[in-house]
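Following: one structure in structure tokens, then a few remarks.
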């Protein structure tokens, strides 16, 4: 029995070491390979222009990469996504937290929120362009306005679920506004913030595509719609992939390490 | 001093009665009036075809309401939104909870999730129409596929923040799978579910607009694009408003009462 | 990460609860190893009542979690008394579902066969009759702890683990609930293991007391009390407590 | 919903903490009214130590919350001892920020002027030297309670409220911490109000003890203890406890 | 080549919003490549967009001076107070296409079929073809068939895959389909002429504000001249087309040739008066079949829709 237990111990320690080292990276790699395989097989089965196989997409990617078009358009879109994202997250979080913490403010602004949530992107974008001109500010503003209500909704739920016990503690010990926000409220909102920003980045990029379609002369959305008119699916997928790769890099190099740091305190699960 | 306190008591009881009775409704009403006023004033100041005043929009609404077109198209869109919403919430929640509870499954599927999050709606919709034909199933499926990754992301954060203490309690008392899900896990996910479904309904409706634009012959999205070609902003706003009204009704008659019931246990705040 | 040395449950009659934890370490969030348990080995004979006493932070709750199968990352071996028996536990915190009323929290723990059990007597004796429909956030801590006790007693367990069950209660209530515990425990052949810091309570309730050292926990000594419970009057209790206090300094 | 009868703070020297709660009811989630406090009125003279003893669920925590200004929906009147003084509280639960280490939890409560205070001695005396960098989820309940105590002591409060501060601690630790409490309390003119179920503890520490009835709470009696703390030996304590137990049945 | 019309030297500039791979851009590309714009005293700046909607937004937002759109839209906007005006650009319009081996020979055979329609239910050509079908064959196309409205590229693809029995698509999609073996059942121009116009009506044209024309008369006249010169060049020179290949993205030589031929067919050749008269006739016809939803509040073509050069009605 003793021997049995001893070996168990050694084994499980090893296991844990592995899962801290190269194993997660390998898993991610296998996962990406799996995706590629599924795509390739599906393309072979479908055998149509509409679902090109990876080499065709790589070709298209390469074609636009050497002319520099890909980089330029990608950069333009990323620039718009970045500014719109920061604007939307800051404004949306502030409003969301305020509404979540005050029942009467929420009762007043809830109908407004629902209105802004449901205004079609098209309407906002067209109005922004017509009022503020076809410029970057209008474009970025329109994207942000589309996204803000979503951030508000998520952060509001978070603010509603805040622990009143910790708030009382902060009040008694006179934490003051800044300390309470930073050390008591924001850490509790972290999962909501994570949800809002992950799905937010994706949503913003999708709106950026429409914004570029309706009034910009560059960007991935511009290119994708051009290729849609030519029904060049390989090129569309090439641009999509380029953006997805950027998102994957952001996720693995930026978001996940940050998140691991900020949730270090949580009891680990198997 | 005693008198002072006595009167205070009476007053605050009254106050509370009021805030339970007609006050919230009045507040909502004032809020809606405020919105209307802002819109009207903005329209007068802008004085442009691009931002019609409320009467013009009402006219447009009335015009399509008497022909029955409004109702038909609204019904079609609501039908699509409903089915896509249910599909996306069920599938997305299931996947999200699974990923949130298993670190290794999450490590494997995270890249897939990021891919699906970032595939432009256009690509999914076009592929769906091409593969499954120009029909309702393809349309609803395409909407759902667009929304599912967002639900997954939100619910995953919720599942990660689950209280391990309650899970242990459920395990020791042998709640079993069904009981644990229903009484332990889902109530903790309620705020995440609320966030995912509120912003989800809005997102689904926006995607429905694109789906209808690209390949359906009815629905609000179809109408809005028709009017967009004619640049009839009043009609576009009329359809938007019609949908917003439906959403407001759902919010106030369905979601809020349900939510109030399901969060009754939370300590109330001022 | 599962420990292959799973509890081996006997096929037939209940046997003793056997606890052997030869080593338990936690890895802190900052990577530092915390050595919680050095070596603990003791038995709780079937149907007996054992109490665990040790300094705060020495590893008592950890031991209970290991017995419950909530932590299987340890070196050692656990043998549970019964194969099919029900286990009840009173955690150190109430651990109630905040979205369920006091009564529902108790009812949810009932096995299917007992679903429609009449709980009136139980709620009356723990002093919660008026509070059955209250949510946990509307209860004082002492009331919440009583709900947790009611939950453990309601399921008529064959193995009962209690982690400081009677703190935050006034003496009158605590005394009443200790009596209830003895009733529940003796009604069936329940094997019970309780953690407490209250030596008087331990002396009154237990068949044996296991004293633990500071962290990392080792056994400091095991005392068997074979006096009949009815014969444990106030005088005898005070004497025994004093005696134990002399031999195990610092426990009183 | 704010109660207009705001605490009136004196301008100059600290005065007594005056508590008058003439009525306190909660509305439960199901609309039922819970009558928590019927009438409670007592003073805690400036710089004195008062203990509140009452059955579980009678309204002790509610009284503390009212004094702290966390609940202003009551009929009555509170007068705080000092205008600018710091208030520290040990809640019935540890109430630590889970995402901050033990040390950070204490440091965050420090007023700006004390920011870089050396806390080594404090952590040593509460027995947390090794645990300063642990997160709350890595602490046993007893350790977490000690962090909460350290937090209250660290800010050198002029008003100190304690809600069952020494439960879940072994007797040795509890004794050490009671001594620390007396030290902190006597170092400045701290006005202290403690809730406990432990009559021995109350007799040892207090200048006066307020006994409460069952819910809805009323004053059952107030006992003033004017014996010097150094003269309160074990014998005297046992005698006093027994005496009080006779007069207020059920408190021991 | 035409003589240089504009005064050399003082260059006026015109910003024109176009679809990047659209047919208008072919023409403008040829114009600027050959220097025909500067030769006529204007400097054309091409602002590429990814959709037609984008160019109408851009015109209203003042980001471009000129776009290509149709007169129906112009008339409707004028009726609502805008000061847009229209100058014919091309008579090329959509065509209803069926696969080569389809048994559909006339509109009358289109019963119980699936028809794809780009441009939606208010598309001019679709209304005309419906009117024609109902007059000549007494069938109601939209009632007796399954109509799929949708995005032009998607409908083209669906026609190729056979999911649609017939498709009404914009001319360059139709031309590409033609190169792949589809045949024209009826074109929008045919339908209009059968319904009573005298010749092919240029339904799309250059659209700009009256205000722009008043402030920059030389720019407009110079541009008109440059446009005519470019059309003349493209009508005759095959070389000029070679340079356009990258913009046309033709899948095959056949497609390239078909696109070229159809473009040339679409160059308006009639006098402004004949054009305007036919347009008015067509407008009334459309007002009758499309109703107010299509044409807006005005029962007749709004005064000033056609650019005449001398202070438009607005």
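Read from first to last, the chains carry the letters A, B, C, D and E; within each, the first residue is number 1.
The definition used in the following text is that contacts are C-beta pairs under 8 Å (C-beta built on N, C-alpha and C of every residue); 3 or more make two chains touch, one makes a residue touch a chain.
No experiment lies behind these values; they were computed from the predicted model shown.
J.: Following contacts chain by chain, what is the lowest number of steps it takes to reach chain E starting at chain C?
T.: Between chain C and chain E, the shortest chain-hopping route counts 2.
J.: Quick check on the contact graph: shortest path length from chain C to chain D, in steps?
T.: 1
J.: In contact with chain A and with chain C at once: which chains are those? Just list them.
T.: Both-contact set = B, D.
J.: What pair of chains has the most C-beta pairs in contact?
T.: A-B
J.: From the mean C-alpha coordinate of chain B to that of chain D, what's the distance rounded to whole Å?
T.: Here chain B and chain D have centroids separated by 47 Å.
J.: Can you check how far apart chain A and chain B are, centre to centre, with Cα atoms defining each centre and the answer in Å?
T.: 19
J.: Between chain B and chain E, tell me the centre distance in angstrom, where each centre is the average of that chain's C-alpha atoms.
T.: Spacing between the chain centres: roughly 41 Å.
J.: Suppose each chain is reduced to the average of its Cα coordinates; what separation in Å results between chain D and chain E?
T.: Measuring from centre to centre gives 84 Å for this pair.
J.: Could you tell me which residues belong to chain A and also touch two or more other chains?
T.: 50, 126, 130, 221, 224-225, 228, 264-267, 270
J.: Provide the list of chain D residues touching at least two other chains, using ranges where the numbers run on.
T.: Within chain D, residues 29, 93, 135 contact more than one other chain.
J.: Hunt down the residues of chain E that sit against at least two other chains at once, touch-wise.
T.: In chain E, residues 53, 60, 151, 157 touch at least two other chains, as defined above.
J.: State the interface residues of chain E toward chain A in the complex, per the touch definition above.
T.: Listed in rising order, the residues of chain E that touch chain A are 19-21, 47-51, 53-54, 57-58, 60-63, 151-153, 156-157, 249.
J.: Considering only the defined contacts, which chain A positions touch chain D in the complex?
T.: 165-166, 168-169, 171-175, 179, 183-184, 187, 262, 264-267
J.: In the complex formed with chain A, which residues of chain D make contact?
T.: My answer: residues 65, 68-70, 86-89, 91, 93, 95, 97-100, 108-109, 111, 135-137, 151, 155.
J.: Spell out the part of chain A that touches chain B in their complex, as residue ranges.
T.: Those residues of chain A that touch chain B are 24, 27-28, 30-32, 35, 46, 48, 50-51, 101, 103-104, 107-112, 114-115, 117-123, 126-127, 130-131, 149-150, 153-154, 156-158, 160-161, 164, 191-192, 194-195, 198-199, 202-203, 205-206, 209, 221, 224-225, 228, 233, 236-237, 240, 243-244, 247-248, 251, 263, 266-267, 269-270.
J.: Which residues of chain E touch chain B in their complex?
T.: Result: residues 53, 56, 60, 73, 76-77, 80-82, 119-122, 147-151, 154, 157-158, 161, 163, 296 of chain E touch chain B.
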